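In the two complexes below, subunit A is the common chain; its partner is subunit B in one and subunit C in the other.
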Partner chain A sequence: MSSSPSLYADRDTFIHRLNARSKLALITGLFVMAYSFTDPVWVFVPLAASFLALVAVGGWPNFKRLSFIVVALFLVGFAVWPAFTHSGGAVLLSTPVGTLTEREVLFALGRSERIAAFIIGGLLFVTTTSNEEIVAGMRSLGIPFAFCFAVGTALRLFPTFLGSANTVRQAQAARGHEVGGNNPVTLLRSYIPLLIPVFMTAIRNVQTQAMALEARGFDTRGDRSFYNRQPFQTVDWAVVVVGLVAAVVSVALRLQGFGTI
Partner chain B sequence: MGSDSTGEPAAKLRDVVFAYDRGLDLPAADSFADDEAYDPDDRGGAVLRGLDLDIPAGSFTVIMGASGGGKSTLLRTFNAIIPSFVTGSFAGDIEVLGRDATSARVPEMADDVGMVLQDYESQLFGTSVTSETVFGPENLAVPIDDIDPRVEHALSVAGLSDLDRRRPPDALSGGQKQRLVFAGVVANHPELLLLDEPTSDLDPAGSHDTLEVIRSLADADGFDAPEGWNGPETIVTITHEIEEALLADHAVLLRAGQVYRQGPIREVFTDVEALHNARVAVPPVVDTFDRLGWSREDLPLYPDEAVEAVLERALEWTPPARRGDSLPGAPAGTRQKTGDPVFELEDIVHEYETDRETVRAVDGVDLTVESGEVVAIVGHNGSGKTTLAKHLNGLLEPDSGEARWRGRDVAERSMSEIGRAVGYVFQNPDHQIFADTVRDEVAFGPENFGMTGDELDQAVTEALETVELDGLEDADPFNLSKGQRQRVALASILATDPDAIVFDEPTTGLDATQRDQFMNLVARLNRETSVTIAMVTHSMHTVAQYAPRTVVMDDGQKAFDGPTRELFADESLLERWNLEPPQPIEVSNRLAAETGQDDALPALSVDELVAGLETAGSDAASGETHAEADAATGGDHS
Partner chain C sequence: MRELLTMWRDTRMIMLVAVVAAVYAALLIPFAGFVVVPGITAVRPGNVIPVIFGIMFGPAAAWGSAIGNLINDIFAGTFGPGSLFGFIGNFFFGLLGYKLWGNLGPLSSGVEPDFRENTIRQLVEFVAIAAAASAVCAAIIAWGLEVLGLFPFSVLGTVIFANNLIATVVLGPPLLYLTYPRIKEMGLLYPDLLHDEDVPDVGLGRARTAALGLLAVSIIWVTVGIAISLGVYNVEFGVAQGETFGQGGATIQIVLGAIGFLLVLGLTAISGERLSRLLD
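Up next, the complex of A and B:
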């Protein structure tokens, strides 16, 4: 089964209707929560909240598409993070090379959950916010329009890039190419037949798109109109407050020593 | 819209020389005169070579010429993309709508000059129909209150009024996307509209709808547009499609980076020698009657005129076959069924997910392709034809059903086994080319399949000889023309000595000469080596000329599977699936209807059309009418 190239899911949910700025505030609140705590039980709260919200707004297909990234980062993090903390608690695993303690496992789990929460939170934002809303939201925060537009365009190009990469993968697979190798050098070399066509195609597409942009009158120097004015309503203020409270309470709890291992 | 040759031209170019390489010391414009040795397949050096041109204000001008011959480059000088955006090396004077286009920036020109490119995906910037259409007016700082009327009018012109304004462009068909691009450009109210092969990536239905938009823009009298805009005053288009070119009233042929011929459409498109020299396809109707010996001034240009001329002169029409006869094959002599199945698809179902729903792209299709056969798979974008074709070599696995190659389940074969036996040539050769030299690129597949040493060298050499690229072994494939890159892609498949080849849109982006070269090569391979061919294509010319059998896909299902000639004989079927028949088919079907030959099957090529008219005897060849012949012989037919 194949999948659609776009990440934005056009729905009429509560989160979709929010102003992009209030969505950013809400997700920032979730990020602060995830960043404040180290105990995996506490970090699980913003992770679960982001995930449930994502599913509720129709983002399950997006999650499935990026699940390999989430899972890969989670597993790699879980394997690597123990090296970045000191040992403590019961020894869960003892090998001739070293030991793995309860504290190291909890630390690694918490950090991996934190990264997953960041990715899923970001996915929640792009699933519920169209490019125009992202650009308009960023612009209303005072960010220069050229930068805002570049971000919006990058988001739009990402699925096209994925689609192109998939075609290249199929074209090389049809010629018997397989990615893999016995050592890092041969593994990297096996990516060359994929990377060169993908990037050459991307460069051509970007050039055509830049040309088409200017031909449609896009200009960072001159005046422009802004058609899509997003009202900032009471509910948006309420969501901003929720995000703010979540962030402040999380920091306060952390300072009180809660949510740590 | 009609030419106003007495007024100031919409665009005036003088002594224009342009090369994509920067910092070149360009020769003087007049040094390029009479440069017969120029080859558009060669890369590097000047593309525009001392070009002088006036585009008449109020005209609908078509620019044609060889691929790589400078058409798109020329078009991009009209809105300052060259030399402002693509700087390269430039010399000369360009004035567009009274403005010096050599010193203007592209966004400044966008006030008056709109542009639609071939690749609609690269021109869509919004995530909804509305946001896409307002993008241009926003850029031009059109007051907010004026934008809504512009949007409504632009969508109406593009035939998209009924579209949900919140719908994302990703969810539209190819034709709708290109029409949305038109709407976005029209909303800017351009005076000069530039079209760079706007239909070449579209299916027949999308092309048809897009051509309707172009027609309505070209004939914009009475345009009820906001702010008094009355449609683009001048349109300039580039195309390889003759049906599209014939919408114009003025034609320019490019050759060797210069204007080779220009003038009213009839004058240019009946000059058969000039068209050949410029590597432009001769309109089949013109070609037919030119080969029958008609004088240039008598040559019909459109199918209607051809039918009228034949009837007026009381020429006889003898069809190449009749229903019930044993059917003649494709004009290219490609092979038909042999009885030994290569591919067997059984009840294939393939689904994909959008953000809203699961779409069944292929819905229970059975298909058997026999050894040595050439089969075309056609249908509109999204009909499932490419998805179906990718099951032939296991690039996609069915959600249910079974795909077999030579009686064995494709899913149980490794790609190294099936990939060697069944080659797949993708639409865009740039999706596979990565090596530094043509030799390495062609050797990549066979090496992956375990070929080495002398065997590998011989396979590469033979493949390059077959596609007539021997001598270019050490060339950088990225520096070759699109037609040559397409042949490199084919050579890389041929080097594995496949049992069958699947082509995905093999002729997109090729000019008439490149297209015929490539497809004649495919036909020769089929005739000489019996390689089985399945090709997904929108080109009805390719289908008619090269495929004895055609499968039509419609909404994921097989809607037709049979002889190509029978498909093209039934105009109700063609209409149902929006398949535009090539001119010889249209003319012969009309002649059969007009002469009461209900059982006649159509001519699929100019050769067959000529043969059917020649059978009336030398009268047809000379253009002499039966009435005139009767008069000369005193009406004695004894």
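Up next, the complex of A and C:
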């Protein structure tokens, strides 16, 4: 994994400049498109659109970093779905165990493309939206401040604890502690000396940080202001409309019988 | 169930939510554990967190587990519609330890979860809780991803249940043995943090019924869901998966999930907790 856990790419592209809420609406439109159809040709449209947008906003390194997961999920989906749908069309493969028909292959391909479209769509969102924008976007969607504060604090603490976990692992390794074993139980048990220091270091933070917050008059019930509040501009409304139209048109086409196998 | 909302008034509970979420997310990524299918599933030691923190931190661990899983999705690149079900599933993964410890009747040890006395009975109680929490988490996520048409119930239901259960059962008891006394001494157990009026005031009988109900519903939901998905119970193999509404999984699976989820919600609403009384 790279040194930074964040997938956010700090660029100045059109999608980066959008409000987090309008980005969410756009991504939701793409998700609905991918969800509406089963024909792999139709599901390919939102998949390709997400992928091209991801590359355009500088998300190629992120895709490369996660390509292993995308490919693995795609292949597993492609392998398991034929067993869970009706057969139909020409027989492509016949073995003593069973047959593989054209319909089963197309169905599995459509499902795997849907999985990839969801992952790449989500990746597009996190590539173009910083942690602060995610939290501010949640707040502007009406989610209570206390919840947004917890998410924001967790996002800030996460890299610290990630570093702490790696430090503990290296420190225990330097003391001769070996993580490993021939079976999952032995392997899991070897993690105990690593987990305890991480747990206790993290828990100790609770008291001191709570006191620091209260000393500064922290109150979750009052109105809050944000230093970097993103305005919801005309272009954001336009993007919301695009997302909405994509979703509505996809559902309408699907109800008309398009995009099925 | 009111305490799931009122806990957000307390600064220390909010900080516990943030810390549990950050630790959960941070431990899921670097400690990959035993890889079952590369890129898909691994028995992760981090999966022990929701249950043991749920027993100690109550509602804060439930919210923290849900947020931690969401953060993991964001940083691992798997953020998407399935993240909603991951959020809900992990919320209940963390909640059940809080609701069930001490309330499981004959399966309960009747003591604090420190594994220093009544060890065998504590172990039995912990395994029952781990099974229920792992099952409800697996059932909710597998159901959601089946509705979304991403993976059949039997695939994710089995994988998530096994992963969560193995990590929790193997790591939970020693971690509670080592951390519970220290956290109790620090005054960070949920009975020490929740306001008295926020601790559910539920009679022992009702709390026990709800807890045993949650245990039964969770196990039955995941078992029947996997069985249906695999074609048992005279349901035609595959039951036209993917045909329902032209979108998601089989109708019977969606109905089973809806009933299971409503039962879990209802039982959670009438359930209580026991640790505060065990501390007295």
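Note that the second predicted complex is superposed on the first by the 177 of 261 C-alpha atoms of A that agree within 3 Å, B and C clash if a C-alpha of one lies under 4 Å from a C-alpha of the other, contacts with A are read in each partner's own complex, and residues count from 1 in each chain.
Here is the rule we use: a residue touches a chain if its C-beta (ideal position, glycine included) is under 8 Å from a C-beta of that chain, and two chains touch if they have at least 3 such contacts.
Keep in mind it's a predicted model, so treat the numbers as computed, not measured.
With both structures placed on the common chain, the touch criterion links A:S164 to subunit B and to subunit C. By the document's definition of touching, neither partner reaches A:F232: not subunit B, not subunit C. Legend: residue contacts after superposition of the two complexes on their common chain; A:Q209 is shown touching both subunit B and subunit C. Within the superposed three-chain model, A:T260 lies in touch with subunit C and out of touch with subunit B [touch as defined at top]. When the two complexes are superposed, the chain touching more residues of subunit A, out of subunit B and subunit C, is C.
In the superposition on chain A, A:I196 contacts both subunit B and subunit C.
After overlaying the two complexes on the shared chain, residue contacts for A:F118 are found with subunit C alone; subunit B is out of touch.
When the shared chain is aligned, subunit C comes close enough to touch A:H86, but subunit B does not.
Within the superposed three-chain model, A:F218 lies in touch with subunit B and with subunit C [touch as defined at top].
Contacts of A:F78 after superposition: neither subunit B nor subunit C is touched.
Comparing the two interfaces of subunit A, the one with subunit B and the one with subunit C have residues 1, 5-6, 62, 153, 160, 164, 192, 196, 200, 204-205, 209-210, 213-214, 218, 221 in common. Chain contact summary for the complex, subunit A toward subunit C: residues 1, 5-7, 31, 35-36, 38, 62, 65-66, 68-69, 71-73, 76-77, 80-81, 83-86, 107, 111, 114-115, 118-119, 121-123, 125-126, 134, 144, 146-147, 149-151, 153-155, 157-158, 160-162, 164-166, 169, 184-185, 187-189, 191-192, 194-196, 198-200, 202-207, 209-210, 213-214, 218, 220-221, 254, 260.
Subunit C makes touch with subunit A in their complex at residues 8-9, 11-12, 14-19, 21-23, 25-27, 29-31, 33-34, 37-40, 43, 45, 48, 63-64, 67-68, 70-71, 73-83, 148-152, 155, 166-167, 170-171, 174-175, 178-179, 182-183, 186, 188, 229, 238, 240-243, 246-247. Partner subunit A is touched in their complex by these residues of subunit B: 76, 79, 81, 85-86, 105-107, 110-111, 113-115, 117, 119, 121-123, 125-128, 131, 134-144, 147, 166-168, 170, 184-185, 188, 350-356, 358, 361, 387, 390, 393, 395-396, 399, 415-416, 419-420, 423-424, 426, 428, 430-434, 444-445, 448-449, 478, 492-493, 496.
Here subunit A touches subunit B in the complex through residues 1-6, 8-10, 58, 61-62, 130-132, 153, 156, 159-160, 164, 167-168, 170-178, 192-193, 196-197, 200-201, 204-205, 208-219, 221-228, going by the rule given at the top.
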